[in-house]
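Each chain gets a letter, A, B, C, D and E, in the order it is written, and its residues are counted from 1.
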Amino acid sequence: SPEVTLRDAVVLVGGFPLLSGVNLELAPSSITVVTGANGAGKTSLLRLLAGLVTLTSGEGVVAGVDLKGDLRELRRRVGWLGHEGSFYDDLSASENLVFAAKALERPTSDVANVLERVGLASRATTSTKQLSAGQRRRLGLAWLLLRRPALWLLDEPYASLDDEGRTFFDQLIGDVVAGGATVVVSAHDPLRSSALAPRTVTLAGGLVVTDRS
Amino acid sequence: MMKLLSQRLLGPVTLVLLALTFWFGLWVTPPDKIQGNLARLLYVHPAIAWVALYLSFGTATIASALYLWKRSRSVVMDRVAHCAVEVSLVFIVLTLITGSLWGRPTWGVWWAWDARLTSTAILGVFAVGYLALRRANDDFEQRARRSAVVAILAAINVPIIHFSVQWWKTLHQGASVFTPGGNFKVHGVMLTTLFISLAAFTLLFFWLLRARYRVEVLREERQQVSLDEALAQRRREGVH
Amino acid sequence: MIRTALLVCAKDLRIERRSRVLLWQVLPFGVMALVLSGLALGPTHAGHSSAGPGLFYLVMLLVALLMINRSQVIEGTPGTKASVATLGLDPAGVFLGKALALAVELWLTGLVLLGGSVLVLHTALVGTLSALPSVVVTLAALAAAGTLYGALSGGGQGPATLLPVLSLPAFSPLLIAGERSFSAALHGGGLWRWWLISLVALVAYLGVGILLYGVLEES
Amino acid sequence: MIRTALLVCAKDLRIERRSRVLLWQVLPFGVMALVLSGLALGPTHAGHSSAGPGLFYLVMLLVALLMINRSQVIEGTPGTKASVATLGLDPAGVFLGKALALAVELWLTGLVLLGGSVLVLHTALVGTLSALPSVVVTLAALAAAGTLYGALSGGGQGPATLLPVLSLPAFSPLLIAGERSFSAALHGGGLWRWWLISLVALVAYLGVGILLYGVLEES
Amino acid sequence: SPEVTLRDAVVLVGGFPLLSGVNLELAPSSITVVTGANGAGKTSLLRLLAGLVTLTSGEGVVAGVDLKGDLRELRRRVGWLGHEGSFYDDLSASENLVFAAKALERPTSDVANVLERVGLASRATTSTKQLSAGQRRRLGLAWLLLRRPALWLLDEPYASLDDEGRTFFDQLIGDVVAGGATVVVSAHDPLRSSALAPRTVTLAGGLVVTDRS
């Protein structure tokens, strides 16, 4: 059964339709790149899949959870990397991860090597406010590495990552998908690694307009 | 059939009873020994107050609770709660007005630091807060849930507020109508009038509630139309 | 639930300790408000301590509003909220945790301000001490209610714009009860029934919070 | 300078109108604070109007503190500050503009609260009306001082956050003067002397602001 | 005389050296791309040039203003586009620009066509909070278009701009430089338009490590 199913999904916020009737099916352990012009609805789509906005009309089932149903359950199954930082600004990088680890009942020993993997070991004790844009992105990835969710939703992951960071990212989602998880990425430029053959969905005006594999 | 009939009759009956109330209140009943014609407010104020505090807030609270309870969650409950609070705000204001009108001559002040007065005013603020909250949230689900919780919190607060200000020294009328044991302090035609007024304002409440509810439904239908319009426009953004 | 509560509480308190807001902004603000209200009432009133309890709670209320706002603000940007939401913390635990953290902060502030009112408003020291238990309970209730209303008023337009209009009617009985039992402690009198009101309120809010906090967060 | 002032003032007021903070946050807070302080002081005080002016100014002060904070917050994120800084607005103008906007908001709130205190605290209507001019001036002075204080404490971490304490001496004379001239208006007495103090304070703060606001913004 | 001159520029914030001794000279009406790993100091460098942070040690003259001197004067001469939004969130797109126009004593009639140029005409009345990431970027550009400063400092301008937006951006800075202004861009990927032959400065650890034209 597909990991994501949307039928005529409409999302209305303040009377404005962020999504105006999306139809979409995503297979498990697949990589999908959502692209489209600015304001097309990419972020909105990802937020819908993450259970961060409510479905106004239409139907949807994501990670086995009905979008009309228990969104908290859905949120528990997805991992989200947004434009803005995804952690407590006043805490240090490692404090943030320790918090997440405890909340997820993971051993806090993971934190150190996750930080190592994303290349933030040298900034473990810096408060996240002071991290650079790219480092904040990397911290976001670290947070996801702790979670290892079933469905990864990444909003413009390349933005403000350096070369090395992007390569790391490509191989990361490679592993993740190999591990059976599903990845949905919103991006303006195609993924660099040719190893990943993603499906590309193009949005415009809150609708899916083209869909290439 | 019954339902239809009751819907048909609600308006007329309310009007008749109100008319009765005023006729009795102004002409049939005698002026009070001490208070003179002022006492005639007795046929308006308590009834209004009763609706404001118990009837309307009660309706709102029950509706909200029913909304929060998954089994009975529906748009209807949310609408009812919303409309009930709006109507109740009107009645609370009326209570304050009739009350102060009564208070000026009898107590010599428009307002006093008294249990019931204060709690009524505070309840008014609750209603305002509730409506403010509804304006602030545009996501339906969120709005419905949050306002439902607020309504219930208000309900919980009513007794707390009541007691906290009860134990203030109070100069407001004690229970002079609905006394325990039912031995009424008001008699004969005055009592009848009082009960007519209670019935009248109770019906008035339901009448207003239904009217307001219909307006709400119409408004939502109009929204639906403008929504389709918005959808079409948003979709057009795609094609260049 | 308890685990989550402690986790969240620790997190909130750590952030507060970091950002020093309590120390450098809320406390001075509270003291200043206390002193100024002493002045505002003019020599006629500020003199006799009967105004003390009232002013104390008035200022505490103000401080509480600031802190409630703050305890929502530290939940961070929408981005942060989103990713924390994906941790699937038990809402009841989150509620308890945040309420506890808030209570701790209010207790600290209250302690300082009590000292202040003894010094500035000449409230009797002994009476003040005997009022402590009721103050503790009242502030705890304030924290519980505040956490609920903070969650209610957040998210909408702007940071907790609605907080005062929503929460003040609910706070007022707490304020009255607190003030009464404080004065009772000062001048003797039926302390307990006021104490009871605060206690009832505290329990009620904790109950509602544990049951309904999830409903608020869900959307 | 004047052009900038009007521009900034218009901007601030528009933002406030948008976010409805004045309507839903400040006003309810003010009214409730008034009512609650009436309660807090207990029947003994709330009864006679002599507490009226003091309470009015006390509440106005608390309201002012909320608004000052707010008028810094709307200056937005570091990003916004950065790009607004590159507009090279005349600091004196910015100061005047923000002070004016703050004053307007305070006047509106003050009007409502005066009405409230007439109803709730039974302050004599005529006396209240005759107090209006002094109220207007005092609130203006409060706005000017507040804008300065806000810019000072806006810095976030560091010694700047100490300023709530430092600003105590700044606000208290205003408060006293206002309260005195209000009571004078109510019970007759040397109204003008206090009025003069407020006026002097207003002028002084405006002067300082126009001269030094730039220095504060600089860093 | 060069538009930017830095000698051993050191910037300390909270005891940490964001820049640890930068030496740099930029010619007027030139395009420079500052690149480097995450946390290398790109943003910090741009902030220094914009007069948003103070120089701890070393010397610098930017746009004819000494960095030890009147920073407000400097800020008046530069245009800044940062990661975060650069406008009042509670105002609509056009209200923001009208504010800027009035502040700069430009005719407010410019606003409409500037919005048109950056493709936000259809969002003129939307409050900027609600704009999408890319639209916020575009609004930032519009703000700069009104300013037409002498020195443009752009922090990762490509981030979250769509193709069309990036092409627009390239030709925009092309015009700007032709008009005699100087442009400094921080970026992780090279400029796409081959028409612009930028000088590329690579930072690492708060230092300039390579410098190619």
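Observations on the structure shown:
Criterion: a residue touches a chain if its C-beta (ideal position, glycine included) is under 8 Å from a C-beta of that chain, and two chains touch if they have at least 3 such contacts.
Small disclaimer: the values here were computed from a predicted structure and weren't measured.
Shared contact partners of chain A and chain C, listed by label, are B.
The leading chain pair by number of C-beta pairs in contact is C-D. A centroid comparison over C-alpha atoms places E as the chain most distant from chain B. Chain C has the C-alpha centroid lying closest to the overall centroid of all protein C-alpha atoms shown. Computed centre separation for the pair chain D/chain E is 38 angstrom, with centres defined by C-alpha atoms. Note on chain placement: the centre of chain A and the centre of chain D lie 46 Å apart, centres being C-alpha means. Put simply, the C-alpha centre of chain A and that of chain E have 29 angstrom between them.
Among the residues of chain B, those touching two or more other chains are numbered 125, 128-129, 132, 136, 139, 141-142, 168, 237. For chain E, residues that reach two or more other chains under the stated contact definition are 83, 90. Under the contact definition stated at the top, the residues of chain D that touch 2 or more other chains are 19, 24, 28, 32, 35, 39. Pairs of chains meeting the touch criterion are A-B, A-C, A-E, B-C, B-D, C-D, D-E.
Touching chain A in their complex are the following residues of chain C: 4, 7, 11, 14-15, 18-19, 74, 76-80, 82-83, 85-89, 91, 214, 217-219. Within the complex formed with chain E, the residues of chain A that make contact are 13-14, 16, 36-39, 43, 83, 119, 123, 130-135, 137-138, 156, 159-165, 188-189.
Across the complex, chain C meets chain B through its residues 148-149, 152-153, 155-157, 161-162, 165-166, 168-170, 172-173, 176-177, 180, 193-194, 197, 200-201, 204, 208, 212, 215-216, 218-219.
Here chain A touches chain B in the complex through residues 10, 12-17, 20-21, 39-40, 53-54, 56, 204-207, 209, going by the rule given at the top.
Across the complex, chain C is touched by residues 47, 50-52, 54, 71-73, 75-76, 78-91, 95, 99-100, 102-104, 127, 140, 143, 147, 149 of chain A.
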